[in-house]
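Letters are used for the chains, namely A, B, C and D, taken in the order the chains are written, and counting of residues starts over at 1 for each.
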Amino acid sequence: MQTVFSIGVDALAYGMVLFVISIGLSVTMGLMRVVNLAHGAFAMIGGYIASYAARDLGLAYAVAVMLAVAGTILIAIPIERLLYRRIYGQPELTQVLMTIGITFCIIGIANYVFGPTLKTIPTPETLREPVSLGFRTVSSHRLFVIACGAAVALGLWYFIERTAFGVKLRAAVDNAAMAAALGVRTQVVYAVSFAVAVGLAAFGGVVGAELLPIEPYYALRYMVTFLVVVSVGGAGSIPGALAACLLLGAIDTTGRYLMPEFGEFFFYLAVIAIVWLFPRGLAGRAK
Amino acid sequence: MAMLSNSDTLSVTSDRRARLTRDAVGVLVILALGVAGYVLFPNNLALLTRITAIALLVLSLDLVTGYCGVATLGHAALFGAGAYGAGIAAAHFGITDPVAMLAVGIIAGSIAGLISGVVVLRAHGLPQLVLSIAIIHLAHEAANKASGWTGGSDGLSGIMPDAVFGVWQFDLWGRTAYVFGIVLLVVTFVLLRQIVRSPFGMLCRGIRQDPVRIRAMGGSVHGTLIRMYIISGAVAGAGGALNAISTQVVGLDSLSFTLSAEALVMLVLGGTGSLYGALLGTVTFLWFEDVVSAANPFHWLTIVGALLIAVVLFAPKGLYGSLAAYFERRGRKNP
Amino acid sequence: MKKLAIAALAAALMGGVAHADTIKVGVVGPFSGPFGLQGKNFKAGIDAYMALNGNTVGDDTIEIIYRDIPTADPAQSKALSQELVVKEGVQYLAGFYFTPDAMAATPLLEQANVPMVVMNAATSAIVTKSPYVVRTSFTTWQTSTPIAKVAFDGGTKKVISVVSDYGPGVDAEAAFKTGFEAAGGQVVEAIRIPLQTNDFSPIMQRIKDSGAEGVFAFLPSGPTTLGFVKAFNENGLKEGIKFFAPGDLTQESDLPALGDAALGLTTTFHYAVSHDSAENKTFVEAAAKAIGNPAELSFPAVGAYDGMHVIYKMIEATGGDQDAAKAVEAVKGLSWESPRGPVTIDAESRHITQNIYLREVAKADDGTYFNKEIQTFEKQGDPGLKAAK
Amino acid sequence: MSAIFDVRNLKKTFGGLVVTNDVSLSMAPGDRVALIGPNGAGKTTFVNLVTGNILPNAGSVMLGGQDVTRLGPTERVRRGLVRSFQVTRLFSEMTPEEHVALAILQREGRSGKMFASHRAMPDVMEEGHTLLSRLGIAHLARHRVSEIAYGQQRLLELSLALALKPKVLLLDEPAAGVPQSDTARIEQAIADLPSDLAVLMIEHDMDLVFRFAKRVVVLAAGEIIFDGSPDAVTKDVRVRQAYLGSYADARSVA
């Protein structure tokens, strides 16, 4: 029984890490209809900035996180203006080509600037201490990530469903021409959503770095995982992404505990089963 | 009425002639490039053979992605099945005749195509992409687990193909392998030209553009796509077998997500929905990669990335698509 | 071009030098991609050797040609090796980080009359694939066997083994199991985990539940190792369960990222950057200069450095002529003082016989981490070849 | 004459909402029936039920005496129940010639052929050409659909349906979106439809309905409230109520 709880905690923590890192991709893919394979690259940029700020400059963790988010958005703005703007509304395959190209470039530059070694982001003392849950201990960092996941989910939900900007965003997504006719400046809406998505990527990259460490190939290594999680959840749906992350996290963790040899099989068979049952994703909307 | 049917039959024959001419030109271009490769780069035949094998994979991907509109990032499963099929036949069952190995590869590829098709066609769009990713990972893991048969991560070695038709030995310079590959490519290309222009090919293109319309015409969408997937598997399987025969080794990379993604990149680079686009994309990407990675083995990835971005910005229909559109425009301006 | 050739010819005739050739060495390795750091170490080792020993042997100038294979890809390795031989005309093939890449190129050697000097790939069987293969690195069996003895002698009787599910991992598992059970210990469970593993918590739970007193681990360097070691600490396993591994896991370039989590981990390996000898000081100084960032230096560099030593000896013996058999024959039984300690190329297996050291990760006064050598197992051959027979 | 097309007591609910309730409609070969009704009357649902894109909760669809209620859309097409779309659904990168050839080959079960070209099949080419000539678009046979005018696309849509040689034809607003200058062509084409074909046309344009139909069926709120001659329909109290009522509703909403 204790083992079951223990696995449950691990599964929840892993699922939340996946959620925090992937949710930004869900925004770009679901709301902006861009297959953004460079999502991991932006998460990586965030990680590098935070690592540099916290480790080399010795800044506090919270400051490093904020710097990472702001810095990544700053880097992303010209990329959005020059490159992404050309692929809004283009066929998916064109978007794939462009964003893979961007990913390659960012990897190359990161490799050149920061070198190929792993970069860590020093966490404050309080996040390093193990916390006792009675039946086991977990690192407080994991609890922090779970809390971040919950906060992001709520915040994003509020942002999209309850704010004036969210209304504009949804209008622009459903019918860009109509929204433009109603006076919504769709270019601005897209730019802001892109910034939000990139900011979330950077945030996820930083808080998830304990599990998915920062190195130049981060951007490619975890691309598939992000893509799978978002698509299984149904792109653009926050509850869907959350459900997918928790479900896949649970299946992955349990599978790896019960039969570690077949961990990969468990995960991908589960993916096939879920998509088979929900061909549009867990919370997929009909087109 | 008589006049009409008369002129119709006339146009039928002249059409056929025009088509045959165009096909002949296509084949001649490939052959000419093949010979040019042999003469100009006699020391690069191993690379050229590898390009040929990958070209078969990209052609095969074009059949389902370009002609049928199926998005997949797991197409290497078909290629790998062919490679391992041919490799296992040679290493474990003593089937070392290259043509027989090719046949085994084609059959293995077709079966993999059938299985992939059944799974992948269950969903559309992103979830479809994810299904294909799941397939390639499962295939990769399965091959890793079955190391008794596949050699696992060490790769399957001990593939010693006989001489082609008992005459041409596979040599160090890779001449035999190269000619074998080019012949295979030309034969495949001719067959595929037929298929994509046949009623079946038309049906596939129709499905890509509007499956609802095809159903309203009484056409079977799923059945047609599955058939195309099997054909695609045969082509990819042939590519895999060629790779196994020419390099005499099969590694897990031939069943990898990376190879699948690269194949898709090459296809989109060249232009989807055209066999020429698939070929052009493969040659451009692999040649470019070879040149820049030899020039700078440490930072070539950045340059490849820049190339991909440039293609999207300046040739959004892919290299071949944009070239064709350019010439069409010019042709119209000065007829 | 033509003019140049004529000029060269004229120079050769007038100078009357009979043999001033350029001898090319083709080096295949992962110079970009996720394993780019290892390839960088190859280059650092080679550069260091050539900086210290010059780029000529006799009258011949040595030229290195690099070819990149980012991840294990035997077909590509074969194609590139073939290209190196027929197009570039290399007399020696070297490098090879991954076993499948080395294996794929071995069938070429006899036909091409080219020796292969393996600078890393660590599966025992490679040297049996062709009589022209010489290895200057190590095998997983060689580095994993001593740790079994260390574990047993240290009082650990029950061990769970956790390895990544690929060739080297399976080798390590077998090597440890053989050594540990021969000593009288028991491997209570042997787990193979997929290469792609992000979250190790469930594995840690599994280790806890197994009731073992120690864990033997083998994983590829980089994120996987980091994740494993971190999870080992975070889940509180460090108290109570002992950690054993070959030294790949605590390679110097990963230590800064591992940080305090790695402190106290014991591993056995053939080389530590901190090895205390004059040869090593010279080597580290030159290699650090070559690689740029000294923190990136790790074991593939020494494999490459010694590999170059072997190649130089081969060129010396053949006088620059292309004669693979003679070249290989010349280095059989060759002994020298490597930066890692005294080494010999075993005449029978053509694999390197060397000292294996027990090390512990420690923190230096300046806050950096290093592998501190605490015990030496002298003149270790490769037990893997015997095991395979 | 026996019914070629017979819908009995068709019912469909979405959740708790009844969209089609107990609808029955029968047609004989040669019938020209118009189906009209205010917006939201359930016409689209009715078409989807008949073509098999959605399955009914109750009731049956008979085609040529056979029950096809449980068959999928493709199978119904193969048995002679063909529809056209309100908004053209054509393959923008293909030519009219290819469209028609594909439909003919599909009808004859030859669309799976891999090693032949339709252009090398004189029978297909001739039938296709005849069909396109009849609708006056033969001169466009080799232009891409994306390059031809919308009115001509509507004609192609119609010729596609005809190429399938249907027994029952469902025309979903065949003149919708067509510029005034082209409607005459389309009307002519409809008037020239084979006389043994049963045609059900869904249409808003009452002028067209009156010129075309021998019989009018009115669907309102998911039920058939009128089935009779065009003359009688304007005088029917329930029809007036349904239309005027919905007009009043529309006013109040606006």
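In this text, a residue touches a chain if its C-beta (ideal position, glycine included) is under 8 Å from a C-beta of that chain, and two chains touch if they have at least 3 such contacts.
This is a predicted model, so every value here is computed, not measured.
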Centre-most chain, if every chain is reduced to its averaged C-alpha atoms: B
Distance from chain C to chain A - Cα centre to Cα centre, in angstrom: 36
Centroid spacing, where centroids are CA-atom means, of chain A and chain D in whole angstrom: 48
Distance between the centres, which are taken as Cα means, of chain D and chain C, whole angstrom: 73
Shared-contact residues (touching 2 or more other chains) in chain A: 111, 261, 264
Of all residues in chain D, the ones touching two or more other chains: none
Multi-chain contact sites of chain B, meaning residues that touch two or more partners: 141, 145, 299, 301
Chain-level touch network, classified as line, ring, star, complete or other: other
Every chain pair in contact, whichever chains are involved: A-B, A-C, B-C, B-D
Chain B partner contacts - residues on chain D that touch it in the complex: 51, 73-74, 77-78, 82-83, 85, 89-94, 98, 101-103, 105-107, 110-120, 122, 125-126, 129, 160, 164
Residue ranges of chain C in contact with chain A within the complex: 32-34, 36-37, 40, 162, 165, 191-194, 196-199, 201-203, 205-206, 209, 222-223, 226-227, 230, 234-236, 253-254, 256-257, 259, 293, 295-296
Chain B residues touching chain D - in the complex, by the definition given at the top: 4-5, 8-9, 11-12, 15-16, 19, 194-195, 197-203, 205-206, 209-210, 212-213, 215-220, 224, 227
Partner chain B, residues of chain A touching it in the complex: 29, 35, 83, 86-87, 90, 92-94, 96-98, 100-109, 111-112, 224, 227-228, 230-232, 235, 261-262, 264-265, 268-269, 271-272, 275-276, 278-281, 284
For the chain B and chain A complex, residues of the former touching the latter: 65, 71, 119, 122-127, 129-131, 133-135, 137-138, 141, 145, 257, 261, 264-265, 268-269, 272, 299, 301-309, 311-313, 316
